[in-house]
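Next come two complexes built around chain A: one with chain B, the other with chain C.
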Partner chain A sequence: MNSHVSDAVFRRGRLLLWGGFLALAFALPLAFKSGFLVSLLCQIGIMVVFALSYNMLLGQTGLLSFGHAVYYGMGAFITMHMLNIIGKDGSPLTTALLPLVGGLAGMLAGVVLGYVTTKKAGTTFAMISLGIGELVAACALMFPGFFGGEGGVSGNRVVGKGDLLGFTWGPQVEMYGLIVAWAFLATVAMFALTQTPLGRMANAVRDNPERAEFVGYDTQRVRYLMLILSGFFAGVAGSLTAINYEIVTSETLNAHTSGVVLLMTFVGGIGFFYGPIIGAILITVMQIVVGGMTHAWLLYFGLFFLFMVLMAPGGIASVIAIQRNLWMAGLFGRMVPHYLAVALPVLVLLAGLVGLIEMSYALLAGEGVGAGDTATKVMKMELHLNTPGPWLAAVGVTAVGMALTRWIGGRTRAAWNAALSTLHGDKA
Partner chain B sequence: MSLLNGITYGLLLFMLSSGLTLIFSMMGILNFAHASFYMLGAYFAYQISTWIGFWPGLLVAPLMVGVVGAAVERYGLRRAHRFGHVAELLFTFGLAFLVEEIVHLIWGKVAVDYRIPVELDGTLFTLFDTSFPIYKGFMMLISVGMLVALYMLLTRTRIGLIIQAALTKPDMVEALGHNVPRIFMLVFGGGTALAGLAGVIGGNAFVTEPGMAAAVGSIVFVVVVVGGLGSLGGAFVASLLIGCIQTFSIALTISITDVFAVIGVTLPEGSQVARLTITQLAPVLPYLLMVGILIFRPRGLMGARES
Partner chain C sequence: MTAPAIRISGLKKNFGASEIIRGVDLDIHRGERHAIIGPNGAGKSTLFHLISARLPVTAGAIELKGENVIGLKPFEINRKGLSRSFQITNIFHNLSVFENLRCAVLWSLGYRYSFWHRLAGLADARLRAEAVMEDIGLANRRDTPAGILSYAEQRALEIGITIASGADVILLDEPTAGMSRSETDDAVALIRRVTEGKTLVMVEHDMGVVFGLADRISVLVYGQIIATDAPAAIRCNAAVQEAYLGTSMNVGNEHE
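For the complex of A and B:
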């Protein structure tokens, strides 16, 4: 690694940021001591690694993959089998080192499958990755000996004599420490990779493959290498899931998992290194918090995703970056009243929509057992869904919200455009 | 008999893949939600059949799906198009996700009782002691009729000529005074209507459930890749090929060991691979075919261009 790389990774500001993150990650469970929080944080840590590994393909190399769960799943299954082998004959490996094994498994899967998939870029790559993903998922059901069939493979992470420091990894808090350590290492490694010549070449291959070839690089080789490395980190993430939940089912490598990681990464923002981290945190929290509140969670998620694709294709990270630029230019203060003004009608609109969706769900899908219930409780209000009252109210609120959003949103957009043009004018 | 079944299934696949291919070669959009429109077709037809019967549904449901498709193009894709191909792909991907959720919401998570109409319930003829249902014949009839109509539309009519021209030289066509965005909308609507029609006649032959889009979707992608991206002829050959492969392999119960025994190789007893039968392999075969094609002939059977 050349000095430029270490400079970029260990510059003072960055060092503070990394250290701050690490400290926060360790402080949170100690400060709140809640089991729910710890398991939520575990899930977040795993997903951060998975989403970052995915962004090595989508964000850095421009490869839209629909089969990334394959590498994640392979890491998980191999880890589970290793765990069981260690449990049986007590080999020198310890649980703490298993993510390395999972990573290598993901890498190996990348070496084999990537050879086929990375021959092409663009849309063809997307389709092939989808096909390979389906192929592996179908295979998973064909070989119950390895993949455990419907029930999956389970194990026990407390094996061997414990580690050097005396951790057994049994309690969830110790497990969380392990996840944070691995997630941190993986994140630093992935960030360092973006600064290496390979990382830079990946960007070139993404932006202008023809030119990259002219300069003398084999684009196929760059894509292949990036896929292998990405497979490694996905394998690490899969491995952590296996150790954390102590069970792996064929669901870990199917299209749904591939879809979720794609959505997370995109919502967070593929153009920035920290984008997928935001996405992973946000989506995991939403999944658990909103998912616990409503059956319609997936519908909201789908709508939110479409909204992001149409309105902010750079993801949340790009929105933050623009605000930061505005702040730097001293224009942020000018926008605040506009943001506040538009927030109100948007909230009204959202309330109306949520009301409509929730009432439809209660009526059609059935809240729990009583499918087709005509009376439901939304926000502790007893609503009679067989009467037109609540429906009219919800439609009315939605319509008012929509009209107000259009009206005030138009002004906000004008102010926004003015601020942006001032910003770019300053630069030029 | 398996051949006939395979052709029926293949023709159904072609109805889906032809729309997908048309949309892809024209707009460069790989419509991930294509199978979702197939599912919508089946559900719309089911709903209409419970109200006014199967026959009106055969006509109305695809039209409704086409209208939905055109609206999606007009208000969603056209916007996503500004942000590039990845945004378009992701938009259709999110759409597929959303459609499945909405179907869950409206029609529930279990299969609905969408049946073959009584007039078509019965045996058309009997061959080698196996009966061929009338409905399969009806499916073939509709598919072939649709195919001929599509061919005529594309090659013999004015609008077809404009579409073909817009496929290759959209700027020139626009310069000649045709509204290319509107043609795009029409093609997208038409393609999704074809998928809807496939759903109408396929939904009751197989099963109408929320998982049907995911089940068919990936197979359709295999068809399009194997046939060569953007090639209608290739999609046709690949549809029939995969239709037949799937039906034949389901009918065969010999195991891998037997296959190898024919060529004189004895596999070790008891290994999991050796015990697999061709039937168990059936879901994987199309993907294996696709991987094989990609390795040996990356542009597909009849693909004209690389990538």
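For the complex of A and C:
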């Protein structure tokens, strides 16, 4: 009965956590009255739902999909067409309910396409999902009537007359409220799903499909159902993106979008429910903030992804989980000085690398120094790329950073390993 | 008269040109503990794979409680009340001991693919999983991920998952393989306890286990059953002794 008590406490803690996040989500735009921040938060809300829906496949069922944007895109296109069909007869209420329609569209796409893709798991599934993704992306260009060709389909989210409790969804901040509401509902629903028989059997199928068959479950059916439900939530996310941007292009359902959601989910951590939330927030911020500062942001993104795969394959969530375990065991305090010690050389290394990348990029991309390019902004200095000075400086800083990182990093690693072995020793 | 738990007739299995099972006829009576022994490579595990539909049958018939089961999928056979364990531990590595067992009982309790039931609210699934956990002696490992259990604990969990659904025909593939003497004794006691009133078929190399547990023994040699009889009779069977040339049937403790 002990477990029940702790269950109850845990549940209250969980409620607090949910409530806290919801309050924070609503408070942020009120605290900082910035249009940029609201737009950024809108995109984050949408991506959180999309990444969580993707992790229903990757993390929970063990299905690596390269075509998840198909369900997202179908939700977006159907929503946009619905919005245009409703047109003048619509109301803010119907607009607010459109994500449900988008979800059903994603779900229907899941019913049709998932029937083919989920026949097999593993590499076969990954390949078929890639094929289907390409197929649908090709269709998007072949049927401009539905997909709008190169220009996409656009609409206006403020349709009809009147308002819903004062909301018309016209101002971005109202749109943000709608996104938060849907994202919250979808997140709660997706979390609840992990606590059901289907959700648990999806984990079982991920771990060991053969054994799942021998306890009475049709693994193909489990995969199919999970894909359909995942398609629903991807469709909700796609629908929100359609209403938010009032335009949907074929980019919404192509391989690039599928790739981004995979990276978000993976970077955040597929082994934890909240992992994709972290990944969606981080990557979206990187995309928009770093993307606004430098043209080379995709390169940084690639480097960051490489770093994560090599250093923390469990994603950010797993790093957090380990820190939490260290904290619980009273070992976190002894690691803090090491973290701080290694942070400095890493920053030096990063500064050197950023300098090199920015200067190379400016030179190769043919953009003049000071022509709004970022090397000068980031480092607050005017650089002449045709002289060896800046290059030598950047190489020097990089080399020093690398040497220091290796030296101090080695000691941090040793301390880290010692802390981990103490941690596991305590457990055993 | 009720049909036997399992009736196998004329069963054959080829892998390419090689015949692994070459015409097996065997009745497993209801409620008996039946051991299948034989030298390495005789086809014991293959026979299990055929009965449980892990491998497709080349020719012949298999009836489970009077019902033809040829062509069914593993999960369909499982739903008809046949459950099996594996020679190589086959558990859900990332799930806890408790979750492993709960997964094993969900279908038999009728929860199917439900995404509208809350697992925490399913008292019957929890109680059954906890009862099995108690039975296999892993109650103190409830929340441990199955992947980091000791070998003997994983073998016990393997048996637990197999029996949890309440299937009445149990197939155990070398349940004591790789265990120490004392672990084997515990496993035998466990198997005896949890298969009470059920039909048990097991493949086993440890003759101590076989002669201690089995009501009847079948000897499989080169894909054919050369004898099926009570343990005492098997011990004096000339053909069996020839097949086990040079091996003492009394204390034989064969390992692969």
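One rule holds in what follows: the second predicted complex is superposed on the first by the 396 of 428 C-alpha atoms of A that agree within 3 Å, B and C clash if a C-alpha of one lies under 4 Å from a C-alpha of the other, contacts with A are read in each partner's own complex, and residues count from 1 in each chain.
We adopt the following convention: a residue touches a chain if its C-beta (ideal position, glycine included) is under 8 Å from a C-beta of that chain, and two chains touch if they have at least 3 such contacts.
The model shown is predicted, which means the values in this text are computed figures rather than measured ones.
**Q** Should chain B and chain C be called a clash or a fit once both complexes are overlaid on chain A?
**A** After superposition on chain A, which the two structures share, chain B sits beside chain C with no clash.
**Q** Is A:214 contacted by the first partner chain B, the second partner chain C, both or neither?
**A** Only chain C; A:214 stays clear of chain B.
**Q** Using the superposition on chain A described above, determine whether A:37 touches chain B (first), chain C (second), both, or neither.
**A** Touch partners of A:37: none, neither chain B nor chain C.
**Q** Is A:360 touching anything from chain B or chain C once the two structures are fitted on A? First, second, both or neither.
**A** The answer is first: A:360 touches chain B but not chain C.
**Q** Touch check for A:298: first (chain B), second (chain C), both, or neither?
**A** A:298 sits against chain B, while chain C stays out of touch.
**Q** Using the superposition on chain A described above, determine whether A:138 touches chain B (first), chain C (second), both, or neither.
**A** Touch status of A:138: first partner only.
**Q** Where does A:116 make contact in the superposed view: on chain B (first), on chain C (second), on both, or on neither?
**A** The answer is first: A:116 touches chain B but not chain C.
**Q** Counting touched residues of chain A, say whether chain B or chain C comes out ahead.
**A** B
**Q** Who does A:193 touch here: chain B (first), chain C (second), both, or neither?
**A** The second partner, chain C, only.
**Q** Check the residue A:201 against both partner chains and state whether it touches chain B (first), chain C (second), both, or neither.
**A** second
**Q** State the minimum pairwise Cα distance, in Å, between chain B and chain C in the overlaid complexes.
**A** 13
**Q** Both chain B and chain C contact which residues of chain A?
**A** On chain A, no residue contacts both chain B in one structure and chain C in the other.
**Q** Can you list the residues on chain A that touch chain B in the complex?
**A** 58, 62, 64, 66, 116, 119-124, 126-128, 130-132, 134-135, 138-139, 141-143, 145-146, 255, 259, 262-263, 266, 296, 298-299, 301-303, 305-306, 309-310, 313, 360-361, 364-365
**Q** Which of the residues in chain C end up touching chain A in this complex?
**A** Result: residues 52, 54, 73-75, 78-79, 83-84, 86, 90-95, 99, 102-104, 106-108, 111-120, 122, 142, 161, 164-165 of chain C touch chain A.
**Q** Hey, which residues of chain A end up touching chain C in the complex?
**A** Per the stated touch rule, the residues are 3, 7, 192-193, 195-201, 203-204, 206-208, 210-219, 221-222, 225, 229.
**Q** What part of chain B is in contact with chain A in the complex they form?
**A** The touching residues are 28, 30, 76, 79-80, 83, 85-87, 89-91, 93-95, 97-98, 101-102, 104-106, 108, 214, 218, 221-222, 224-225, 229, 272, 276, 280-281, 283-284, 287-288, 290-291, 294-295, 298, 307.
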